[in-house]
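Both complexes shown next keep chain A, but they swap its partner, so chain B is in the first and chain C is in the second.
What follows is the complex of A and B.
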């Protein structure tokens, strides 16, 4: 009895909360809920509301109201529509290129490489994450300028690199987001039991058949997880297009140039990547891979 | 104490002005523009202790703010903005007292009632030494009322890589026409106000369009300018708004010709990069201090405008940023100052006569036409968005 009293006396908060389950729960989720609802969802909601507002043609000031013109302009202005489609294709291309690089690399790292090579590669993949995002973009810009490193290094064998254009945008975005694809794919391949490879070869499957029939089906959830990052991060980016795209426009470019001049159009446009990602997640869900993530 | 001293000064200045009978009746071009009626500051009072400034990079620097703070007790809080549009957005929050606006932002702020008319009697350094071409311009002097104190100006010049072009291009056609030999290696300025550059080109080459002022375009004239910009889009290598990107683009060989500022050419530090003012003339940015209509620090704001209008401080800002100072008395102050003024054509009114100062397009035609409605900046913005496919 006396022990209990001492405990309650020395830890009054625990004792108090012990009897009140609801308060305990509140204490646990209050902060994250404030963050999600109060900061995250509220700001998104305010943004969505702005998309229905007007801009005063005389003073360029935003006036509350209700119009669907901003959304309609996404489809009726040819430059807007083509930019949306271009951005979607760029994001898909970045995802495809990332998968193409990540799977062979993951197989090599997980199953073939010696431990020290594996560690060195893991560091090499994650190293770019330590550098600033803008620094990496400017670095790509400098490497691929007309008189930059790439053209200088490959000039002797008669190769010239891509100029500031869509291919360079895809390359730069892949460079930025590749770790988000490579790491989950590598982890997934490591988790495949070695005896599955043995079983596959016992039944006469060659290397590529094993990869295609055994490895790929098992790592689809990891690829989907990685692609959510590569796809959605590419959709929202605009600095890559600005610095390495030449005159290439992406959805982000339109948002950036309208954020001061015409906030309602910028707000309406910010819904486009959200719509793309939702559709993407729904398709991914259909394949059943989200449950296994 | 210091505040009182200053008001004594301005009293003197006021009486001097009354005696000389000098009052600015300069009505920029006889154009009447609807503006909200906002009272101006009547007389100087106690300093409030701070002044919040939205400015271009390089306009506010401890090299001259330290002395101002010591003299007045007004602490300078500076927020650097990257574009005119950002400046307008920031000023509309009402959190800032004063802005170093270019003409394309200034008239927008005036018409929107975001800034107040100025009592120049309270700004003794707002003097006759201001370059002629920076006085009474429509972007900051509306219906005869001054709204801005000139800081400095610069032209949007044609920069070219002399190694490639072998001499200065005579015309802007190298950046507009599809048969340009530099196709794909052209850079254009990335903002709706660049539509005016297309209009300047059309003024010269298509007089039948009847463009008299590149900031007063009716619907048909705007359509012609947009068509030209769409044509340019097919030959442009890059659009620039970020100065660093423009410099690396020229220095790295990706761009051969395009819009630039004298100061960017200097920063690129390559002898083969040169600038020229082609036969059509060009646009330019003329910056002035404008005071918010919602300011809580009106006395500090006036003191700041007065202080920065002195030849030495105005010159220091101009040298730091790389532009022509508004107060040309600075040019005579030293050999170094004179060299700077010569390089940026500060005293060369003949040069600046060929430059159209950035002015926000509004529905009132600033060229004086009354029979048509001109296109507003919002229409320019919407049109600009359709250019880059």
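What follows is the complex of A and C.
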């Protein structure tokens, strides 16, 4: 017995932890839990609390308390309500335009294009992700400004492009978030067996019917996954509106202008996109399409 | 037989520089069970896809019931297809799958529901009509794929190796079932398979494919008993092909001749040939008992190998009087040998 050696003496901590599963678990998740609960959740919670506070009109100081005025103002101040609705519609439009582009592109890439074309397109879709956010906004600004490329190129045939307005905001947001829709949609279409396309046309369906009845139902999970990005990122954005929207205001614009003046109103407004996203996810859940994700 | 129902004239199909179908002429008659048999890559599936319209011919014409369909899309052709891996829509119930084609044809809801149920009933699966495809077994899915195609009452039903994924027993059941359905519905079936036994069991006629061309078209008996090419002789069943020197020795002419193993009798080496018999003498180098038959491999003095099968009509120890190493005569009736023209 005395000649037998063990490692117990040389690794006291490991040996101690070996018998204490809970302690080991704590060691594993302490840091990420601190991040999620301590920073992430807590800050959102504090934001929610702040939304019930108010600003003293004379001193301009934030006074902790409880008032629903900030939330009520979202619905009662006409400019606030219309901005919320405008933002929602813009985010929905961005999502719709992204789907409209992503589905035919995905079908082409997954089922028709030769491998090198497919790869080139995959790179082309992801490439904009590498460029900075502001870079892309400025790029769109340059293309669509009054004397920009778009107007210059189309002037000879008498067409003028969108100026700095809501359509351009939608285009620019689509430009920013399109990869998040295009990639999952493409991947999902790739997984549809080619025989299903043959079978559909064999039974009399033309291209559009096949897309509507076969392709779309099969890629709903991918569209929802993509739309979580296109929808929620658009809801929260305000720089695109600022630089390409002219006078267009979005929820983000109101938050930004109130962040110093009236933090409680900014906080209350921050809840609006969160509420929209939660409602959206609940609707998606209702349709049963999340179960297949 | 009646006149040509599906007709291909001078059809070519290139995939890039691969000549998948080469200058093909083909006539399928109304109401027949026609099989396209060949190894993988022989072009049989491509021909099926050309008839269905999933591929367009590089040149040539395809007509169905004397209507030129060469340039018609699949959805405008009076044919339907049963796919190798069923191709059922995974997000639709069995009922919706079978209704799909009726729906695209704008058949009203009560009518299509009734027709779909009848079709599902005809393959004896009406109790599963509300299930999803993945809840069905392979054999059940295959039958639904069949019902889904038949409910549209096509003039021609195309079947692309539909039984390939099934196990042996189920496959044999489905062969009988398919044949019954074809007979009862009176529809022309064009059936692609690489399984020669399957083709022979079900078909009225068989086209044997090789390298994008048809080597021979005929009844199962014709292609088996009178193969027109060496490929057909060796692809269908086991063959003993004599040519050149060995044909000269046996038949007195250097034509190519085929003798099927089951037509060959083994006799003691010194038995004289009867007037209507031909034969060779050799040594048994292998005797394999495989249950119903025993397969003998015999090598002649000149090195030519002959396969002979004996049906084990009696217990093996009584009939297996020939063993490995014995010198025997391999004998057959002269009119059982078939000359292969090319």
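Operating definition for what follows: the second predicted complex is superposed on the first by the 272 of 293 C-alpha atoms of A that agree within 3 Å, B and C clash if a C-alpha of one lies under 4 Å from a C-alpha of the other, contacts with A are read in each partner's own complex, and residues count from 1 in each chain.
Definition applied: contacts are C-beta pairs under 8 Å (C-beta built on N, C-alpha and C of every residue); 3 or more make two chains touch, one makes a residue touch a chain.
Treat the numbers as computed from the prediction; the structure is a model and nothing was measured.
Peer 1: Chain A superposed: clash or fit between chain B and chain C?
Peer 2: With chain A as the common anchor, chain B and chain C both fit in the superposed model.
Peer 1: Considering only touches as defined above, state whether A:170 meets chain B (first), chain C (second), both or neither.
Peer 2: neither
Peer 1: Using the superposition on chain A described above, determine whether A:258 touches chain B (first), chain C (second), both, or neither.
Peer 2: first
Peer 1: With the two structures laid over each other on chain A, which partner does A:202 touch: chain B (first), chain C (second), both, or neither?
Peer 2: A:202 sits against chain C, while chain B stays out of touch.
Peer 1: Could you give the angle made at the Cα centre of chain A by the lines to the Cα centres of chain B and chain C, to the nearest 10°?
Peer 2: 160
Peer 1: Would you sort A:193 into first (chain B), second (chain C), both or neither based on which partner it touches?
Peer 2: So A:193 only meets chain C here.
Peer 1: Give the label of whichever partner, chain B or chain C, reaches more residues of chain A.
Peer 2: Tallying touched residues of chain A, the top partner is B.
Peer 1: After lining up the shared chain so the two structures overlap, which partner does A:218 touch, if you call chain B first and chain C second: first, second, both or neither?
Peer 2: The answer is second: A:218 touches chain C but not chain B.
Peer 1: Nearest approach of chain B to chain C by C-alpha atoms in the superposition, in Å, rounded to an integer.
Peer 2: So the smallest C-alpha to C-alpha spacing between these two chains is 45 Å.
Peer 1: Which residues, counting only chain A, touch chain B once they are in their complex?
Peer 2: 55-61, 77-80, 82-83, 141-142, 145-148, 163-164, 242-243, 246-247, 249, 253-254, 257-258, 260-262, 265
Peer 1: Which chain C residues qualify as touching chain A in the complex?
Peer 2: Result: residues 52-54, 73-75, 79-81, 83-85, 87-91, 100-101, 104-105, 148-149, 152 of chain C touch chain A.
Peer 1: Name, in rising order, each residue of chain B that touches chain A in their complex.
Peer 2: Touch list, chain B to chain A: 83, 85-86, 88-89, 92, 108, 111-113, 184, 190, 192, 233, 236-239, 242, 245, 248-249, 252-254, 362-363, 376-379, 381-382, 384-389.
Peer 1: Would you mind writing out the residues of chain A in touch with chain C in their complex?
Peer 2: For chain A paired with chain C, touching residues are 193, 195-196, 198-206, 209, 213-214, 217-218.
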